[in-house]
Amino acid sequence: MSDWVYMGEGLRVTYGRRTVLRVDELTVRAGNLLGIVGPSGAGKSTLLRVLALLEPPTEGVLYFGGSSEPVRWPPPLDVRRRVTMVFQRPLLLSDSVFRNVAYGLRARGSDNVRPRVEQALEMVGLAHMAHAAAHTLSGGELQRVALARALVLEPDVLLLDEPTANLDPYNVSVIEEALKRLRHHNHTTIVLVTHNVFQARRLADRVMFLLDGECVEAADAETFFESPKDPRTRAFVRGEMVY
Amino acid sequence: MLWGSPQRRRGHPKRIEALHGLGGESKRRRCAINEIWEGIKQAALLLWHLDPEVMHIVAVSLRVSGTALLLSAAIGIPLGAWLGFSRFVGRRLVVALLYTGMGLPPVVVGLFVYLLLSQSGPLGSLNAAWIPRLFTVGAMVVAQVIISFPLVAGFTMAAVKGVDPSLRQQLISLGATEWQATLAVLREARFGVIVSVIAGFGSIISEVGAVMLVGGNIEGSTRVLTTAIVLETRRGNFSLAIALALILLSLSFLSNILMLRLQGKTA
Amino acid sequence: AAPTSAPRRLILATTTSTADSGLLDFLLPDFEKAHNCDVQIIAVGTGQALALGAKGDADVVLVHDPDKEAAFVAGGDGVNRQDVMYNDFIIVGPPSDPAGVRGSATAAEAFARIAQAEAPFASRGDGSGTETREKAIWQAAGIAPDPRSTWYFSLGQGMGDTLLFASEKGAYTLADRGSYLSMRGKLRLALLLGGDRLDQNPDPALRNPYGVIAVNPAKHPNVQYDLALRFIDWLTSVETQRRILEFTVGGQPLFYPNSAAWKAR
Amino acid sequence: MLWGSPQRRRGHPKRIEALHGLGGESKRRRCAINEIWEGIKQAALLLWHLDPEVMHIVAVSLRVSGTALLLSAAIGIPLGAWLGFSRFVGRRLVVALLYTGMGLPPVVVGLFVYLLLSQSGPLGSLNAAWIPRLFTVGAMVVAQVIISFPLVAGFTMAAVKGVDPSLRQQLISLGATEWQATLAVLREARFGVIVSVIAGFGSIISEVGAVMLVGGNIEGSTRVLTTAIVLETRRGNFSLAIALALILLSLSFLSNILMLRLQGKTA
Amino acid sequence: MSDWVYMGEGLRVTYGRRTVLRVDELTVRAGNLLGIVGPSGAGKSTLLRVLALLEPPTEGVLYFGGSSEPVRWPPPLDVRRRVTMVFQRPLLLSDSVFRNVAYGLRARGSDNVRPRVEQALEMVGLAHMAHAAAHTLSGGELQRVALARALVLEPDVLLLDEPTANLDPYNVSVIEEALKRLRHHNHTTIVLVTHNVFQARRLADRVMFLLDGECVEAADAETFFESPKDPRTRAFVRGEMVY
């Protein structure tokens, strides 16, 4: 894999008459963790769906994985399989936890499914619930299963949409540790959408602040939090912005 | 014997009354509900004696409708899934046509298949081996597939539409191919899909207009339960007709219990 | 034919009256054995039976409508039409007989009385041989009944259904004797004109002749013409004709032989 | 004239061939597909001339099936919703019976209703004003309701089952009564519910065995499109049968377009 | 209304063979805000469903609203309507935002629906989205609509299941202000499930710590955070508990 994983130019996403995303320039470096923050409705999930190659941008070009060709739509299966997204609202198959986590591996026809699934469940602290039915899970359990079914695939790129929103502090730290290990061992590139400014600070190499679909500021994590250029960024980081 | 001359089917003299029992029954004719009682009794008798002719008719019914059901599930489920997922210009037209197909009068389907397969029809005149001939089980299957696949497709579409569309996106994002994601969504919608198959089965096991026309209701070869029922009704043998109807209904009841089991297992 | 080879298939399109009465089941096994074939009976209305023949989907037809049969042969669809047998029509109606049909000498007279009394009358109205005959009787009586009138019902149904209707509605109708006899127990209808047996039927206009026709091989090369001819020969042969007379329900024959060979016997 | 006596419809001599056209048409009999062309032409002609008899038949068809549809929706939708929500011992049995009801042979339903309403039947002999008499539109409606309500109920149940059960809980928690919550869930499942109604409509507008038996196919009173089609098929007037079938199919196509509109509006 | 809103004794909820909730004693005072904290899967949502009168406890008795009679199941409509619950996983009707928020009012046949709905949407910062279709909303928007449709009913008792999990800091503070105002003006009794210890600290009068279905500790907010009795509480509050 080359130096960067995503390069976007003039990305726009329009639903009906409303343009909900307007990002002129975007680069995600290989092995990096990009944090995306911004208020509710800023377009974070929309951007993530584009990066997950699930939805073509209405306008603009996206390059992926160092290829000099823009991404084709629909993207070929082998390209698509290098990226996995964990959705903000976890939806499981009405089946056991085990089979939900195994889904992606089985779709790829991988072997060693059982130990890998068990390991992934271990990572999110749900090894004991492998046989529970999806519809009986609590909110946080659901979210962790959704995370596990992405982690088990060990993708090149992992896109996480508020993966710890429904978790208590201890489980949050478990997940964060798992992510750190993943970066360390697999050099996974991660894009993490979070409303939790502290989490972004703890994990991100680079942070991007979206507001009303526009990228207000994107900078190294330290710069972003310590000396943001834009006054709106400063306000947001302090949790006091009025939009 | 149930139908046909006593002489031809010599084996079962004890049931001659069933056919020619008009004189004897007339005393009880005051109330037509008797026919229904008689029917229940006769149905029990026929089943108890494993009447070979009835068994043959049941076998043909199951063979024809079973084959037709498999084929129409093989056509209807993918078609329904595709219509449920895809968006294209003219989709609404296709859907309206499909819904209209749910209301195809069996007689009309029968007539249409008849005209196609007739010796003077475009297909029948080819005399090719793969084209089923008129008045055979094959022709009946063709007609029944046409009748039932729109039901299967229409309900499969509705069932698939009931599944949250972002589930499909999540599966795609987990590396599922379009095909795998479709299968998984169908599995999520299995309740509706199974009902669609049950409805398809119901529409053909009870169908008579088309099989009568293209099958010819030939004794010992293309006679099925429904055409036998019509025949007995036409002859005024109401209680025998009701007996056969009860056998038909028990059959479809049993199949439905089986399907519900299946549904229960997967759930 | 050698008994070991697969039986040939002969498709006979005929009316429900011959098939449902059981006559064919009674007669056919002899023919099937003798010629190692399988006669497949398609029981439909006369109109549909002729249409099946005209498309080459049947090999031989056995129907009862002389005019349509003539048209069928004249149109080149059929060849070798032969008389086979006849039965007769009767007039049935409510036992109380409000129109006073009992005792009429002819069917035309009976119909005139029904029209006079405006008593309910059920017509098959399905283009069957029976309806054709009914129309002819009305014409002979000089009456043109209007289906929109309150007493004349044009049903468009088979004989059995028409009889049931008449029974429920207390209406008169023209029926073939066989159908009436086989359904008598279900009906509240009395036989008002036609006598107890065919030979006691006072009106010769109520005779109902059946004809057999082979489908023209010149037009439909795929038909089993040779077998059809053998079938016709067999059906009109004296032995088979005698068997027709032997077929009885409730002690009386339903059909009377009528072939040239029988008459020349 | 189309059917019935020649005396009656003197007004349209040009269509005499349609009925007695066996001779005339036989030249074109080489290929049976001609019948279909002929049928299309005749359908256009009948509609163009607004043939009064055809119009009457269409009106009766719509009246009977429309009434039956309303009634079976009124029975089937609540029943389906109830079966979808509730759990009780024997529920599976009721569901299996319902599924079996989807495959009731129309002839059998017809026979059953006939025996009930017959003068010698348990209901018919009461001669009560609220009991529809045989050979009337009312009797036909009764038979069609029996045929179609299981379809409506079965699919409504499937559609309701497809809605996330916690939505219902959320609505209850917002102060909805059981009834209001049920209505709201039905609204969520409207796609499936509308398909269920469409399927119910399809099953009765195309049904012939039952209306033939209990309606009597009386010209000018209980004759509907399907029975007219069967009649013409029996007469061997295949192209006229196809013409009538096309009219029937256009009707149900139009109704489906209408229902889809409705569906689109509410979505 | 009397002094207390809920009194529970020996409440147990069992699913299959697993007892997920075991609370021997529970009191919620009128006008109070009870915070419920605990790790994922502790039984918080289950307890809330019982308090919402949606699900009878498998064992135990629950008294509601000062009545000396235990709650009957199913509870009568007028009793039920005094409580409203906001679910952890918001599910909207596939309709406009406006009609979703209006649902409860319409079910009650209330008048003045429009201004009340508009006011509720204002409270959650979504006045401009009244006409958006539910399925187009972002995660945080969804959550706020779900909250608005409960707030608009001005119930006696409001049960909130992680109502700000998907919100950014600013929106969290907007919601928290709204809740404070509600308590002040309407004396609404609130039970708030949250994994956010800070939020519990900011809002709650009393806090209850659930672990594995059992109530480990329940105390006044100050006592709970400053001097918890149970070592497990202490660990949880510091985000370092290992279960």
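List of remarks:
Note that the chains are named A, B, C, D and E in the order they appear, and that numbering of residues resets to 1 at the start of each chain.
Convention: contacts are C-beta pairs under 8 Å (C-beta built on N, C-alpha and C of every residue); 3 or more make two chains touch, one makes a residue touch a chain.
Since the model is a prediction, treat every value here as computed from it, not as a measurement.
When the partners of subunit B are compared with those of subunit C, the chains appearing in both lists are D.
The fewest steps needed to get from subunit D to subunit E, moving only between touching chains, is 1. Distance between Cα centroids is largest for the pairing of subunit E with C. Note on chain placement: the centre of subunit A and the centre of subunit D lie 53 Å apart, centres being C-alpha means.
Centres computed as Cα averages put subunit C at a distance of 33 Å from subunit D. In this assembly, the C-alpha centroid of subunit A lies 29 Å from the C-alpha centroid of subunit E. Averaged Cα coordinates give subunit B a centre that lies 18 Å from the centre of subunit D. Shown for subunit D are the residues that touch two or more other chains, namely 29, 32, 114, 118, 213, 233, 238.
Along subunit E, residues 89 each make contact with two or more other chains.
For subunit C, residues touching at least two other chains, in rising order: 55, 161, 164. Looking at which chains touch one another, you get A-B, A-E, B-C, B-D, C-D, D-E. Taken together, the subunit C residues at the contact with subunit D in this complex read 44-45, 47-52, 54-55, 68, 71-72, 74-77, 125-128, 135, 144-148, 153-157, 161, 164-165, 168-169. Remark: subunit D residues 29-33, 35-36, 92, 95-97, 99-100, 102-108, 111-112, 114-116, 118, 120-122, 124-125, 151, 154-155, 157-159, 161-163, 189, 191-192, 195, 198-199, 201-203, 205-209, 213, 226, 229-230, 233, 238, 241-242, 245, 248-249, 252-253, 256-257, 259-260, 264 touch subunit B in the complex. Within the complex formed with subunit C, the subunit B residues making contact are 3-9, 19-20, 22-23, 25-26, 29, 114, 118-121, 124, 127, 134-135, 216-219, 221, 231, 233-236, 238.
Chain contact summary for the complex, subunit A toward subunit E: residues 15, 37-41, 44-45, 88-89, 136, 138-142, 144, 161-162, 165-173, 195, 197, 236, 239-243. Touching subunit B in their complex are the following residues of subunit A: 49, 52, 54, 77, 80-81, 83-85, 87, 89, 91, 93-94, 103-104, 107-108, 146, 149-150, 153.
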